[in-house]
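Below: a set of structures, written as structure tokens.
Here come two complexes built around chain A, the first alongside chain B, the second alongside chain C.
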Partner chain A sequence: MSEVLTIRGLTKRFGGLVAVNGVDLRVEEKETVGIIGPNGSGKTTLFNLITGLFQPTAGQIVFMDRDVTSARPEQRVAAGMVRTFQLVSVFNSLRVWENLVLCVTRFDAAHSSIWKFMTSPATGGTIRDDCYGVLRLVGLEDKAGTMTSELSYGDKRLLEIAIALSLKPKLLLLDEPLSGLSDVEVVDILNLLRRIKRDVTIIIIEHKVSMIVDFVDRLCVMNEGRFVSEGEPSEVLRDPAVQKCYWGKEGTRGC
Partner chain B sequence: MKPENRDIYELLIIAGSFLLLVPFLHTHRITDFMIFCIFVLSFDLLYGYMGRLSFGHLLYLGAGAYGAGLSLRHLTANPLLAILLGIAAACLLAMLAGLIVVRATGACFALINLAFNQTGWFLVMSPLRGITNGQDGFGIGAMRLGFFNFGSATFRFWFVLITLLLVFFLLKRVTSSPYGVLVRSIKEDETRVRFLGYNTYLYKWLTFVFSASVAGLSGALTALNYAYVNPNTMDVHKNVGAVFACLIGGAGRLYGALIGGVVYMLISNFLPLYVLRWEMFLGLALLIIVFRFRRGIWGSFEVWLSRAAASARLRAQSGKGAPVK
Partner chain C sequence: MIYTLMYGLTIGAILYFIAIGLSLTFGTMRVTNFAHTITYTIGVYLLLTFVTQWKVHYFWAAIFAVLAVIPIGYLIERFIIRRLYGESLDYTFIATFAVSLIGVDVVKWIWGVQPKALGDPIRRYIELLGFTFPVYRLLIVGIAILLFFALQLFVRRTMVGKIIIAALEDREKVRCLGIKLDKYFSLVFVLGSALAALGGVLYAPITSVHPYMGTSILLLCFAVVIVGGMANLKGTFFAAFALGMVVAITARYWPPGAETMVFIVMAIVLIFRPIDV
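Moving on to the complex of A and B:
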């Protein structure tokens, strides 16, 4: 298997605070990597660095054999690096299906020219059908016509993942996709992620460790801006260093 | 109803609405209203759709007016070519200014535009006085090319009406396209749009230039309608009028821009005849809009319409479900 993402010595300083401190990470194709760690350990900052929202103070990011360290977010998306956000990020002022229009048209030959992109109707051609197709995949087809602001939080999460999937990612970075969801919604999203896991490389940040232990191939534990442990999930969770940083005491809790 | 038929009906309704004003107002004044509506449509694309409030959009109206006026004075006797040159002047200016302007958001965006507008006004008032004739402005002489007789108020009325319909149709196509979705998405969350793989800087610049070009068209038409151009065409204080019109009609809605444009022009043209401090009532109207009708006239009408449709559906469903006695 080839490497999809390689990170070397990634560092981010905010004044005197070192949020990410010399992180190294290699992610293989079709691998699912989980990143856990206490609040403020630098997980989301790491995502922001990988996806280009922040520029690193030091280090290198190689994605699909291409150095993307200084590439803009949209260039990384074009290369196949897609993310979701910690706080669910969808367009509330649009209808549910309209959230997918911009994703679908990226791959639509009929909208390849700027003139067609600017003048052909968003409801025309195959755009609407394609949007509905993606919504069917996540079980939101019956809500396609409603305003996004009227969706429940769980449905917004599903929509956000639908947006990410419609961008045909090679690497999908999910930032706490299960946070704020009911147990039923967590099961729905995990089932969806299990379905797509075969085709996409995934990095997932999650607080609900027990929920993703069976889902990820490899688990990385972050504390104070660096990885303190990395490996097979059940082994990592037994690591005393992990138990200390994550739960505060050594050997007091299992996963 | 087929979409293309719907477009035709909509255009006919708009044309009919302006024609209904003919018995009550002089055609020159209605032409003025329609030109202002074109300007408000251009402003609405920037403010209502993309969420970028500009206090300097009149610069591009002025550029269009001076571009067309100076072309007719020095370059050509063809009024249609002069209109195109007016649009080109506004477009070129926006292409340059836009490179800086669209990097800003919020208050910075509004104030940088204001600064550019003020600079433009100062340039035509003083340093470029030799060309623009400063505060006095200049008149435009021959405005006729065969059938296109801009000396006739009736011809100007029909020409501007058709231009307004074309601009409305074009903007409707554009705002209903994926690009329209992109522009509305930028208004809500620009960062998110970048993470969909779009270079938002490029599209913001494009929207800015497009909007300014339409404003330039309204400026060129203003020059032809008055056969006169002076620095008032880019007076920074008049930017407020476009903001009011957008808010009164309903920002982010093309019909809102038309309704707001007409209502603002009616207020600003006729209220001063009866009330000395008429601007005070405009201020009160703005307060009412902000606190009670944030969606403006058209937006509120849309809400009322959707509620009426929903309650009609409910009534129909409960009627079907009622037991037969």
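Moving on to the complex of A and C:
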């Protein structure tokens, strides 16, 4: 399998605070990697660096054999790197299906040039069908015409994932997709993620460790801006350093 | 009283033309654009030149004046505003205010400081319910209402419109959809500049034309944007007409306080609905 993402020595300083400290990470194609760690350990900052919302202080990010360290967020998305946010991020002032319009038109022939994109109606061609197709995948087709502001939090989370999927990602970064959800909604989202993980490389940040242990191929534990443990999930959770991080037990490595 | 209401509707329409650009610019780019006055004022002076010196018919002169400010708006966005994206509001305030002061001086240098006047270009009146109204004022109100519906169609039915709505709500999220916002920001800015010029060329025949005309009306337009809700396109429309009425009714009963009352209303709105920038 080829490497989709390679991170070398990634560092981010905010004044005197080192939020991410020399992180190395390699993610293979179709692999699912989980990142866990206490609050403030640097997980979301790492996502912001990978996706270009923050510029790193040092280090390198290679995505699909291309150095994207200084690329803008939109260039990374165009290359196939897509993310979701810790706080669910959808457009409440649009209808559910309209949230996907901006994404599916990227792949629509009728909107291939800037001029066509600017002048074509937003509902023309196969756009609506394409949007409904993605909504069907996540189980939101029957709410396609609803105003997004009227959706439940769980449905908004599904919609956010639908937006990400409509961008046809090669690498999908999910920032705490299970947070704030009921047990039923957690099951729905995990079932969806299990369906899509066959086709997409995924990095997932999650606090509900028990929920993702069976879902991820590899688990990385982050603390104070560094990876303190990495490997097969059940082994990582037995690592004394990880146990000390989460439960304060003595371990062999401090974290 | 009915004439006071007509006056209020006219002022409301003019405020709407100018405020909609401010609202869009602030909502999408987070820029408080004091330079808006310049495209407004230059549009008016170009109209004046076309009509009085080149003897162009008012209708065509108005169209040419609005079109002529488009490149000016683009240049201001490309070389000044674009450098301010993501910067503190203080910087955008200082930079755009400086542009507005430079613009006023340029207007004084080219056209002089003496106030000028254009007459009502239609000079026709219509009788409704026993009252006589100038057709030109009704036309201004009609164009404002048409513009409102046209903008609603634009933002709801076109891709650019949907991007603008999305950017009004969450710029970073739009960028994370792989959309480069710069060109849409340019478009929004130029559209706002052209609408300000449209407001200017429509208002010029019924007001006094002078280099500071933009500065005085801009403050009223900021009040409209605040009362209507930052980046709220429908709110801007209704706030413009509501504050137009406030100006007209106060001017009837207490002329010195006409504009002051607008800011009192704005202050009351801010007390009950503080803005979050």
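Definition applied: the second predicted complex is superposed on the first by the 249 of 255 C-alpha atoms of A that agree within 3 Å, B and C clash if a C-alpha of one lies under 4 Å from a C-alpha of the other, contacts with A are read in each partner's own complex, and residues count from 1 in each chain.
Here, a residue touches a chain if its C-beta (ideal position, glycine included) is under 8 Å from a C-beta of that chain, and two chains touch if they have at least 3 such contacts.
All values reported here derive from a predicted model rather than from experimental measurement.
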| item | value |
| --- | --- |
| Superposition on chain A - do chain B and chain C clash or fit | clash |
| Chain B versus chain C as contact partner of A:74, first or second or both or neither | both |
| First (chain B), second (chain C), both or neither touched by A:94 | both |
| Partner chain(s) touched by A:138 [first = chain B, second = chain C, both, neither] | neither |
| First (chain B), second (chain C), both or neither touched by A:173 | neither |
| Intersection of chain A interface sets (partners chain B, chain C) | 51, 53, 72-74, 77-78, 82-83, 85, 89, 91-94, 98, 101-103, 105-106, 111, 114, 117-123, 163, 167 |
| Touching residues on chain B, where the partner in the complex is chain A | 3, 173-174, 176-182, 184-185, 187-189, 191-200, 206 |
| Residues of chain C touching chain A in the complex | 157-163, 165-166, 168-170, 172-180, 183 |
| Of chain A, residues touching chain C in the complex | 51, 53, 72-74, 77-78, 82-83, 85, 89, 91-94, 98, 101-103, 105-106, 111, 114, 117-123, 163, 167 |
| Chain B-touching residues of chain A, taken from the complex the two chains share | 51, 53, 72-74, 77-78, 82-83, 85, 89, 91-94, 98, 101-103, 105-106, 111, 114, 117-123, 127, 163, 167 |
